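So, here come the structures, one by one.
Each of the next two complexes has chain A plus one more chain, namely chain B in the first and chain C in the second.
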Partner chain A sequence: MNFMVTIIEQGLIYGILALGVYITYKVLDFPDLTVDGSFPLGAAVTAALITRGMNPYLTLLVSFASGALAGICTGLIHVKGKVRDLLSGIIMMTALWSVNLYIAGTSNVPLFSQKTIFKNKLMDGMVPKSLRPYSTLILILVLVMICKVLLDLYLKTKSGYLLRAVGDNEALVTALAKDQGNVKILGLSLANGLVAMAGSIFAQEERVFEISMGTGAIVIGLASVIIGTSLFRKMTVFKATTAVLIGSIIYKACVAIALKNFEPNAMKLITAVLFLIILIFSMERKGGAKKHA
Partner chain B sequence: MLELKKICKYYNPGTINEMCLFDQFDLKVEQGEFVSVVGSNGSGKTSMLNIICGSIPLESGQVLMQGRDITRKKEYQRNAKIGRVYQNPAMGTCPSMTILENLSLADNKGKRFGLGRGSNKARVEAYREELRKLNLGLEDKLEVKVGALSGGQRQGLALLMAVMTPIDFLILDEHTAALDPKTADRIMELTSEVVKEKNLTTIMVTHNLRYAVEYGNRLLMMHQGRVILDKKGQEKEKTSVEEILGLFNEISIECGN
Partner chain C sequence: MKRRVTAGLLTAAMMTMMLTGCAGSSGDKKESGKESYTIGIEQFAEHGSLDNCREGVLKGLESEGIVEGENLTIDYKNAAADMGTAGQISDSFVSDGVDMICAIATPAAQSAYNVAMDAEIPVIYTAVTDPVEAELADADGNAVGEVTGTSDKLPIKAQLEMIRNLLPNAKKIGIMYTTSEANSVSAIEEYKKLAGDYEFAIVEKGITATADIPLATDELLGEVDCITNLTDNTVVSSLATILEKAGEKKIPVFGSEIEQVKLGCLAAEGIDYISLGEQTGKMAAKVLKGEKKASEMKYEIITEPGFYVNTKVAENLGVEVPEELAKNAVESFHEISAE
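Let's look at the complex of A and B:
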């Protein structure tokens, strides 16, 4: 039971990251590797602020803003510097490693004795005793739902339409007398904001900031998006965002089950193989290789 | 009014492959003119459109629109007053968005793309009416993704989207070339109707000599970056397809084709 709860918790936290990756990879059609840096960026910001006594709930917003800023930088490098999308992300990912170290102070910041969004007086007061074991899960679920609903609503606004259009057909955005570069920058900032917030929640749940926690974050995000969107492609009842969240939980479950049967050293290998299997299967479902996937 | 003044355009400047397309190219299009442009491949028709729209850089020269110099304006800024339909039907629409969403986008051109509702329910009937005029069976498919439509349907939609908001110029870049003859005729008729109804100044590049002769009130033939034939008004009405074809053959022989 506990095993299941942990999987769902982590799956949902990475689900927020996957929502961010969904924006860049699926909506913008931009392979954004900034994610590997912006995920720990959110965690670093959170660790720095919580240890200085900031309200943990506020850190969620601050980390969103920090991630958004990182996204804007990636966007500027790509749009104004005319650097290729993949390379822009790699540059930011590399730079953020040092930035994260500066922000957090060291490569490892324990948060065990600190107040977090999961452990504070307010939470203890609000959640009845019988639900205590699930309080973390409930809060994560609430946060995930807020992100998902807001994103769904946003994608239905005029600005959201434009964001979807730029990934689909840049020429059309230009034809609408809008600078397609600015739209891309906006999308990247939103996406990395979500990713950094996921990093913040993850650090508070694990009660630690670790500099290498972002390594492979993009793989988790991409895998979740691809599992979700290809599994539920035929089912129109599920919105893409819902599919992505379920994809994230499925992916976490696969990794967890695999880890139970192998030693920890094999983790990245398992992750890679799993991702490969997912890619091959999802391509089969598409009836041939589509670009990127 | 649209004016191209002393346009110079080189491809691959500074390399051994340098090629001069336009050298001191001038063109003036008056308000309300519907210009058909014909010419062989590489004659500079599409380059001319790209120069007008700002899609490619210039070596020297000026582009004037309604008397204002827009040479330094970016493509997206110029597009506020220009509608363009491309040869490829996919260029004018978003495949993964529905017809309604595409039309809503086009309808909002020139306004702010803020956090308001993307599609305006009150406009749906008006959209349906416009789609009905296309006669391509799109009026009941508002919720269908554009990617699922045929090329002709997409081009009809692209045309509708290009002229949805008030524009000064309509640029048509071989917009019927990728369609079957019947659909091409239909799209061409629609274009003519729209241009008349909205009194748009239009430049249409086409390889279909019949369209060039039948539609519009001015005919240009281009060859190697120059205008070699320019007929307006009555003179244009008297021009026949045979005459244009004859001239076409002459320049082709000259080139050794």
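Let's look at the complex of A and C:
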């Protein structure tokens, strides 16, 4: 059963990343590639701070702040520099590679001998022995729920509504006498803050920072968002944020199946095929779309 | 709506597939008696040298009487250079209850040790350049837990000495490396430290991706008398580009292992990854047989680097290989193999 636990653990960690991608891709309608840089940014910040003796729980907040800063930069490049959305993300992603190397000091920082949010005296004292094997999962679940609930609440505030309006109807925002550029920057910073925090949690769970860990992060994030939202589109019981988290777990399950049952070289192909099957079967009938057009 | 139901069913089917996968493997385990072993091999990426390591490990085990198909079951997984996948592989090995995890390359070793340490499954690694830096061994080379293996640290001193012997008048050695590869960065540091002893200066060019290589090569070739390679994955994968450009300018390129010399590097004092793997396989056999615990063994390095030379390349470049050196070559190649 250990195997299932891993899928859910990893799915939930990447789920926080997917929540960030959900804000940019679904809510803001902004294809943000900063993610490939901000995910390892959170991990780099965490590695640098933990090895210098900072409380691991605090690193979560600091990495969120670092990611938010990266998001603000992407937003400024796009809004103030009038650079296309896709390109702004690419520019930041590229720059962050070097920034991450500077922050971490090297491309690989092991954290085996350090305290992490999962391994410290407080955790050992608090969790009863019988639950020990699940302590990682429980903590991740708690963190994910905090992120999800806060995000849900935020999206219901005035500022949250504006965020959604920018994605749906930019004219409305201007009509409300609000600057849509600022709203975009806010959304990007929130999204990348979440992504960086996911990076921080991932680095602490794997007990290592590795510069290449962000490569392809945006792909995983997008896949999770799309799987989640299209599978649960009609089930209004689930909030979009819940759907995204489940989507992320399903993505990790696809990888797990490919790993388990097929030869190594076929892994990516099988993952892609599984992904495609889910998408095709969860899609609306094409007839419906045509009527609108 | 129908489609949605189908999608749900499919998801359910996938879950079952996963569960049966689990059940199947634990079933296999029960059948195997005490004299047979299961090893999970976790390789970080698809790469020639790393494949050679894996081949070597199996050879090493075989020489100790542990033969795949007879008393050994191998479960081989490749993480395709993704940390998340590496984590999933490590976890699946632990939940399958393998007798040992054999990890190839640093990130795989770290990921395997991260989960295996709680499950008390020994980890044997190979192709980890600096186990101390990776926190898999303490400063004295002792294992930090049930984890040990072999390092593919380059014999840099021997390499510099060899270059000096082949090119008595050279002054500057160019090295290209990927800034994201910790192994390369630490090797560069050592090159810089030792170069002075042989009256060389090191010119380094850091790159971030394969796409940077043609430009970086051109720049480097304008500044140096020769180039030497590390075991840098990105650079070695594009060796053909570098060799072609260097060949046009008649600038010698030195390799760091046998495969590179085969492909057209002038010479190398390097490691043979198959024999490194063999050495690792023998260590693994000791642990499996219960002769020694992984925690009782220091990590090992290849003590005697081998000299490899390509006489065809030497002829093309007009470089004279001293008789004495040529005689000691572990292997000489007389042609440039295309691949």
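Side notes on the structure shown:
In this section, the second predicted complex is superposed on the first by the 260 of 293 C-alpha atoms of A that agree within 3 Å, B and C clash if a C-alpha of one lies under 4 Å from a C-alpha of the other, contacts with A are read in each partner's own complex, and residues count from 1 in each chain.
The definition used in the following text is that contacts are C-beta pairs under 8 Å (C-beta built on N, C-alpha and C of every residue); 3 or more make two chains touch, one makes a residue touch a chain.
Bear in mind that the values here come from a model prediction, so they are computed numbers and not experimental data.
In the superposition on chain A, A:R164 makes contact with chain B only, not with chain C. Contacts of A:T242 after superposition on the shared chain: neither chain B nor chain C is touched. In the superposition on chain A, A:K156 makes contact with chain B only, not with chain C. Within the superposed three-chain model, A:P264 lies in touch with chain C and out of touch with chain B [touch as defined at top].
Contact with chain B, but none with chain C, is seen for A:A177 once the two complexes are overlaid on the shared chain. Looking at the superposed arrangement, the partner reaching more residues of chain A, out of chain B and chain C, is C.
Applying the stated contact rule after C-alpha superposition, one finds that A:R207 touches chain C and leaves chain B untouched. Touching chain B in their complex are the following residues of chain A: 154, 156-162, 164-165, 168-169, 171-180. Within the complex formed with chain A, the chain B residues making contact are 74-77, 79-80, 83-84, 86, 90-97, 101, 104-106, 108-110, 112-119, 162. Those residues of chain A that touch chain C in the shared complex are 1-4, 6-7, 10, 14, 97-98, 101, 106-108, 110, 112-113, 202, 205-208, 210-213, 215-216, 220, 231, 234, 250, 252-257, 259-261, 264-265, 267-268, 274, 277-278, 281-283, 285.
Of all residues in chain C, those touching chain A in their complex are 1, 3-4, 6-7, 10-11, 14-15, 17-19, 21-22, 43, 46, 76-78, 80-85, 87-89, 91-92, 94-96, 106-107, 110-111, 113-114, 133-136, 144, 179-182, 185, 208.
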